[in-house]
Amino acid sequence: MAWPILVLHGPNLNWLGQREPEIYGSLTLAELNEQLQTEAVALGAVLTCEQANGEGALIDAIQRAATRGDRGLVFNPGAYTHTSIALRDAIAGTGLPTVEVHISNVYARESFRHHSYIAPVAIGQISGLGIDSYRLGLQGLVAYLQRYDRNQTA
Amino acid sequence: MAWPILVLHGPNLNWLGQREPEIYGSLTLAELNEQLQTEAVALGAVLTCEQANGEGALIDAIQRAATRGDRGLVFNPGAYTHTSIALRDAIAGTGLPTVEVHISNVYARESFRHHSYIAPVAIGQISGLGIDSYRLGLQGLVAYLQRYDRNQTA
Amino acid sequence: MAWPILVLHGPNLNWLGQREPEIYGSLTLAELNEQLQTEAVALGAVLTCEQANGEGALIDAIQRAATRGDRGLVFNPGAYTHTSIALRDAIAGTGLPTVEVHISNVYARESFRHHSYIAPVAIGQISGLGIDSYRLGLQGLVAYLQRYDRNQTA
Amino acid sequence: MAWPILVLHGPNLNWLGQREPEIYGSLTLAELNEQLQTEAVALGAVLTCEQANGEGALIDAIQRAATRGDRGLVFNPGAYTHTSIALRDAIAGTGLPTVEVHISNVYARESFRHHSYIAPVAIGQISGLGIDSYRLGLQGLVAYLQRYDRNQTA
Amino acid sequence: MAWPILVLHGPNLNWLGQREPEIYGSLTLAELNEQLQTEAVALGAVLTCEQANGEGALIDAIQRAATRGDRGLVFNPGAYTHTSIALRDAIAGTGLPTVEVHISNVYARESFRHHSYIAPVAIGQISGLGIDSYRLGLQGLVAYLQRYDRNQTA
Amino acid sequence: MAWPILVLHGPNLNWLGQREPEIYGSLTLAELNEQLQTEAVALGAVLTCEQANGEGALIDAIQRAATRGDRGLVFNPGAYTHTSIALRDAIAGTGLPTVEVHISNVYARESFRHHSYIAPVAIGQISGLGIDSYRLGLQGLVAYLQRYDRNQTA
Amino acid sequence: MAWPILVLHGPNLNWLGQREPEIYGSLTLAELNEQLQTEAVALGAVLTCEQANGEGALIDAIQRAATRGDRGLVFNPGAYTHTSIALRDAIAGTGLPTVEVHISNVYARESFRHHSYIAPVAIGQISGLGIDSYRLGLQGLVAYLQRYDRNQTA
Amino acid sequence: MAWPILVLHGPNLNWLGQREPEIYGSLTLAELNEQLQTEAVALGAVLTCEQANGEGALIDAIQRAATRGDRGLVFNPGAYTHTSIALRDAIAGTGLPTVEVHISNVYARESFRHHSYIAPVAIGQISGLGIDSYRLGLQGLVAYLQRYDRNQTA
Amino acid sequence: MAWPILVLHGPNLNWLGQREPEIYGSLTLAELNEQLQTEAVALGAVLTCEQANGEGALIDAIQRAATRGDRGLVFNPGAYTHTSIALRDAIAGTGLPTVEVHISNVYARESFRHHSYIAPVAIGQISGLGIDSYRLGLQGLVAYLQRYDRNQTA
Amino acid sequence: MAWPILVLHGPNLNWLGQREPEIYGSLTLAELNEQLQTEAVALGAVLTCEQANGEGALIDAIQRAATRGDRGLVFNPGAYTHTSIALRDAIAGTGLPTVEVHISNVYARESFRHHSYIAPVAIGQISGLGIDSYRLGLQGLVAYLQRYDRNQTA
Amino acid sequence: MAWPILVLHGPNLNWLGQREPEIYGSLTLAELNEQLQTEAVALGAVLTCEQANGEGALIDAIQRAATRGDRGLVFNPGAYTHTSIALRDAIAGTGLPTVEVHISNVYARESFRHHSYIAPVAIGQISGLGIDSYRLGLQGLVAYLQRYDRNQTA
Amino acid sequence: MAWPILVLHGPNLNWLGQREPEIYGSLTLAELNEQLQTEAVALGAVLTCEQANGEGALIDAIQRAATRGDRGLVFNPGAYTHTSIALRDAIAGTGLPTVEVHISNVYARESFRHHSYIAPVAIGQISGLGIDSYRLGLQGLVAYLQRYDRNQTA
């Protein structure tokens, strides 16, 4: 059976393809989600893809995922990475294994983008590899779940 | 006549009883609200209890309370305690006497939880006493309103 | 033809005229918007005026403005000025020319109000001149658009 | 049988009622202790009340309490809150469950009063509710001891 | 009768039009002053325009303005914005209502240009709108003086 | 009638004349007190001179002075200048007009000696003038009391 | 033809499998390199794998890779991540596209491990996914080289 | 023979008596200088009194004093206290024994007034005692010169 | 003849053996002193052992030691290590050669325990070696005194 | 034809030879200028040498140099190095190639002398080599101009 | 059987006896090692003594010691104390019980020498006691190993 | 007889001419050394030129220079400038007069390049003048040695 996973996009990512394409590329969010769905099939996962601009709406989405039994979270928290303790608490509170992903290399941008409230409660972080960050994040999460389930079974 | 009071719960508190029970206990939010309602009767207060994950929704709730004539606020701002100047402005702007409460001892956790934007505009702060923080906060607020009304009458 | 412009008011500004009148004056938001509409006619601009308490809702409003072809933004981000990188990203991402305005002199208040995440991506900032900050901000934006269009034509 | 508890007042609190009454109220320390004794009877506790201006004398008092078998501490460390690691060590060393209380809202005063060396080793902290801070602190401590004893018995 | 106002330009502004035109534009200081004089007539104000490179000379100019009864100050302190407490004291000491103006958006430049010693003692600040910053600053100051005189008369 | 004044010496000042004479001179504390007594007669003041090494004992001395009706305090807090908020509170709480004095130039020593918790609640501060710091501090305090009494009488 | 790539392991990574296995796992470095070689074949890459404990030796390795025409670098700088500007300069100076990888989640460890001198000159960073960090980093690098070569050809 | 001494007043002190009298009193600078001249006669000193608003002009004055053989300096550097390393160098370079004086208690004002570049190269500092700060500073300087000359003679 | 040496224990060390035995071990202070006395005989030293919880009492003890001619100090300042400038001054003022000792490894505990006001005026510091810290500190002090006396004699 | 160059000396450098000769040597400013003139002839340059104590006067001198067509600036900004953004702006605004020179090794002195506002807009900086700093700075500037002119011609 | 122990000397310690003898004494490294060997015999230990200037070479030495079964490390990391996280990782990774030693009192030198990356992973730290720091460090390590082995056996 | 001098190049400088030529120019290290050798002849000096990427290897080189009697050091520490206390200690320990040189203007680059551990123990620093920094550094060093030898002889 496939692992149900939430792919969650934070603020302004609905403008992907329109917003600063020299930083974020020209693919739209819908196209990105489609690519990730295809990738997921190959990995034995099934994705729910959501986007929201509001901090509260993103917390709601994480709680819904936990309630419906999703096994993990691929999360691009966008600018909330640097300002939201509430999203950190949502991840820690639901206990969803989370990979934090960023399209651009946040460490090559303004210094206020170098700090992440999410990273310490995530299992890992990927940044700078364009939309491959999502794809590799999904792979990393599935590999984590495989190891986890194997340990549980053993 | 009873004092109308808003009890407001911030982000992730709808997961009370589910989220990290070793920190937050196993009581649900509905059960907590019920206990507080009972306590309120004894104190001569009548409560509205609300919860929201969004910063804007919490501001809306505070403004509604002020508009309908609530006399005070028992507020657990959760993670917004440390990041929201807008909630501070809502309290200062409406002028609602506010007691800030926290279930866990925020000072025994990460250092970014030690600072509160709310505390300087609140009348007081209670933290670390489990759900008693709410109960004692309600008592403290009612005692404040009694003193206040007595002064007004005199 | 008139320049379409979004006038956007951030958190707690719906309480204008009620909230701390010694700081913010006694004009209501509706009255302020009306005055700005009149001013806009004289300047050859046409305004959409919106207010929201939520960070996500404000991002939505900025994206809608960009989508419908608004030419600029007069923005009072209120307390989000100091905490929201997501709103900064929305302005940078949509590319809307923005004038940041504040009714009160933020530099004469608490030090956490001195820093703005918005200012570096705005074309300018006006603070402390009461509701004239909006009126002058609108003028400054229109003058910017005139110069811009003249350069494009040339 | 009643819980023996130490109520300990730090530096300058012997001037209560005389010192800056607009901040600290007009009740004297003797009167406050008397009120707390009455409250304690209702809660099934019995109090020892002490005050000292010296850091060493306060450590002595905490050690004496632990030696004679007191079950908890309601402690207003006054200005030592912000400067004394030795008092923190005394609480951690004796293991006495402690509620830290402050009459005034320390978070609305100078920034050097915002940090507490005591809070991380206390079970909770109450500030800003006038002398109710003591009363509610006593309630919170007794509730803590009830839960604790119940767990031990179970 | 017209309001006498000092327009004061700080260090290096005598090079306007020559210095870094991509930041400051190509208008000379003399031309700018002329434009402001025209604008002033329409607003019912009469301007004295001065420039100096020295901190002491700028203090002298502010004191002279106060002595001759000028009603306000439109001040571009240039680099002294960030380093001169003495100019701040001159404004506070003479009590001249002051609008601080900057041609460039100081918040989009080096971080040492983000802090202003002048802003807290000014009534407002305008930055980033090119030479319109002066024009709008003048309008804002006159509007302030109108309100002020109306209050005095009332 | 003479003004009763407390001259209070902080930690290690009982070693005056012995301790680091190249910094503090070779006069003993007893000799210094004697000189100050003579000076006091000429100024119309009468002194109590005390020294203590403990923070609590110094608070006790300040409270005793206030209780017996002393009109002011010449205080060399020694190293407690830099670490004691409790002594600051004792001065603010008793309301005793205080001149803070230091024998050595604290600003020419380690940087941790540059900050004073006492100075903001003192009327003035004198440092670096050897034992003249005391003598001039006494003069400054008496001049302050003369102005104060003259104002009260008028 | 396959892309030649350097996989470079920094200080203490020769102890992989021995050192703190609860953090780093039980695979040895030789085994890891073997797995990566297999993975590389599938991706159309050919790897050189090196390890060194010295900062200078690692710079030497990077320079050798650039000299022999390697197309990219998968680099786990270990503790030098946080202290070595010289390694950053080696990457920037040779111009080798670099993916920085970490086995453990550095953001969940001591705060001095949160800063990276390497990240701003890398194309991306992956941390926390165990040895998958290397595998995914290799994938991300190859995808980058594919895009790059495609652009060059176009 | 009398000691020649320079009394030097920094920026804005020519407005003494006009500027913020609640802080600085109502005496004018001319009247203050006259009082100090009278005091000087009694102390066996003869004063040159100067004021300047410019940092360079104050350095010039200090150099002139050293050139004409003045024995010391009573210096109120005003706002330059906190910003001028050049004035510090002038004092250190000329070797003039200097007492730094402030009319107001700089430690009870904004935190940027707490640091002095002058104090470490002065022999002492007096602040907060109104114009007595000058009078006592003059006394302290003369006492210093007496001790100094006595040592030289011995 | 034996060197007289003071072994001084700071706050909470009278609880040795009771307080947090997992950090401090189970030996009592009396037993420790006894062991050190034995060790001292072998080294040709004779010890006075004292303990106090108060900062002032510890200063008194150091002054008494200097007065009676003790040759050195083995000092565990406990929590005062990090907060007491007055104890530093007592050591510097009396000139007693001092070895600072700590039972636990203060550098492996909270960051506020990493700084020592005492260390810069001590001849050396030993931490983390359990009660051996005292024993080795005593050895180090005696070795220092031997070298010192040998130099004096030579 | 020779390159016209301004050699500009900042505050207190007119005291060269008198001021702290152990730091600055015993050559006077006139003698130094003479030596530099001789050096200039050999290098094909012709110098204007100026000194001023005032920040404004130094800006004036730089603007005059630019106006008369000087090709470069050898500048010892003295203490203004660390405090003057206005001088930085004058250099950037006039575009004069500038070598910043210091007689003493500023990095071996107080930490506030380690930062330079001038260095980032200069082509280079020389410090610590005595008056050779000027001589070598002149050489470095001429070499820069030679390269520059060669590039222009090519 | 004797405990095998590595005595490891960091950068520049091969210059012992030559380098700044007023700080480090005149004993050479070879002589020091010889003294320590003698001491070791008495303690039942056998030493390997090594020195290296390179960070990588020191890591190599620590790994070799762990591989050959050394039981502990007496380590003077020299300047790497303050800059090397890689050495810290080598100690933590090999698990070798380590005593950090310094010849000079690092806390009486520049502030950048006060922080140690090594101390938190060492069992203890000794500084300031000259070459006795090594001797006492060896004793402390052997005492630690004795206790450890006794516990293992029990 | 000629002065023997070590010219030492730090990490990545072996890539001179290849690495970021827009910053460092196109001359190779061999060519630069050759030019310096020629220059040295004219100055009466004889050079040893070395380069290393490792911190330890650079310390070794400095120690070898001191051992063979070199009289001074022209040192470009590259990135180690900002991170190596060990190199600072090597210079201070050997006592070699050192001129620190940088090809690029480090003050116009990232802020972590503004601090130098080397500068305080060097006699001077030259940066930003391209490879002239070396040439002028050599001149400055020789001039220093001339003055030094002249003083020794006198």
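All chains are identified by letter, namely A, B, C, D, E, F, G, H, I, J, K and L, in their written order; residue positions are counted from 1 within each chain.
Simple rule for what comes next: a contact is a pair of C-beta atoms (placed from the backbone, for glycine too) under 8 Å apart; a residue touches a chain by one contact, two chains touch by 3 or more.
Bear in mind the structure is a predicted one, so any value in this text is a computation, not a measurement.
Hopping across touching chains, the smallest step count from chain D to chain F is 1.
With centres defined as mean CA coordinates, chain I is found 49 Å away from chain G. Centre-to-centre spacing of chain B and chain K amounts to 55 Å, using the average Cα coordinate of each chain.
Within chain A, residues 54-57, 83 each touch two or more of the remaining chains. Chain pairs that touch one another: A-B, A-C, A-G, B-C, B-D, C-E, D-F, D-I, E-H, E-J, F-H, F-I, G-K, G-L, H-J, I-K, J-L, K-L. The residues of chain C lying in touch with chain E in their complex are 99, 105, 107-108, 114-116, 119-129, 132-133, 136, 139-140, 143-144, 147. Listing the residues of chain A that touch chain C in their complex gives 10-12, 14-15, 18-20, 52-57, 78-80, 82-83, 112-113. Interface residues of chain L facing chain K in the complex, by the touch rule stated above, are 54-57, 59-60, 63, 83-86, 88-90, 92-94, 117.
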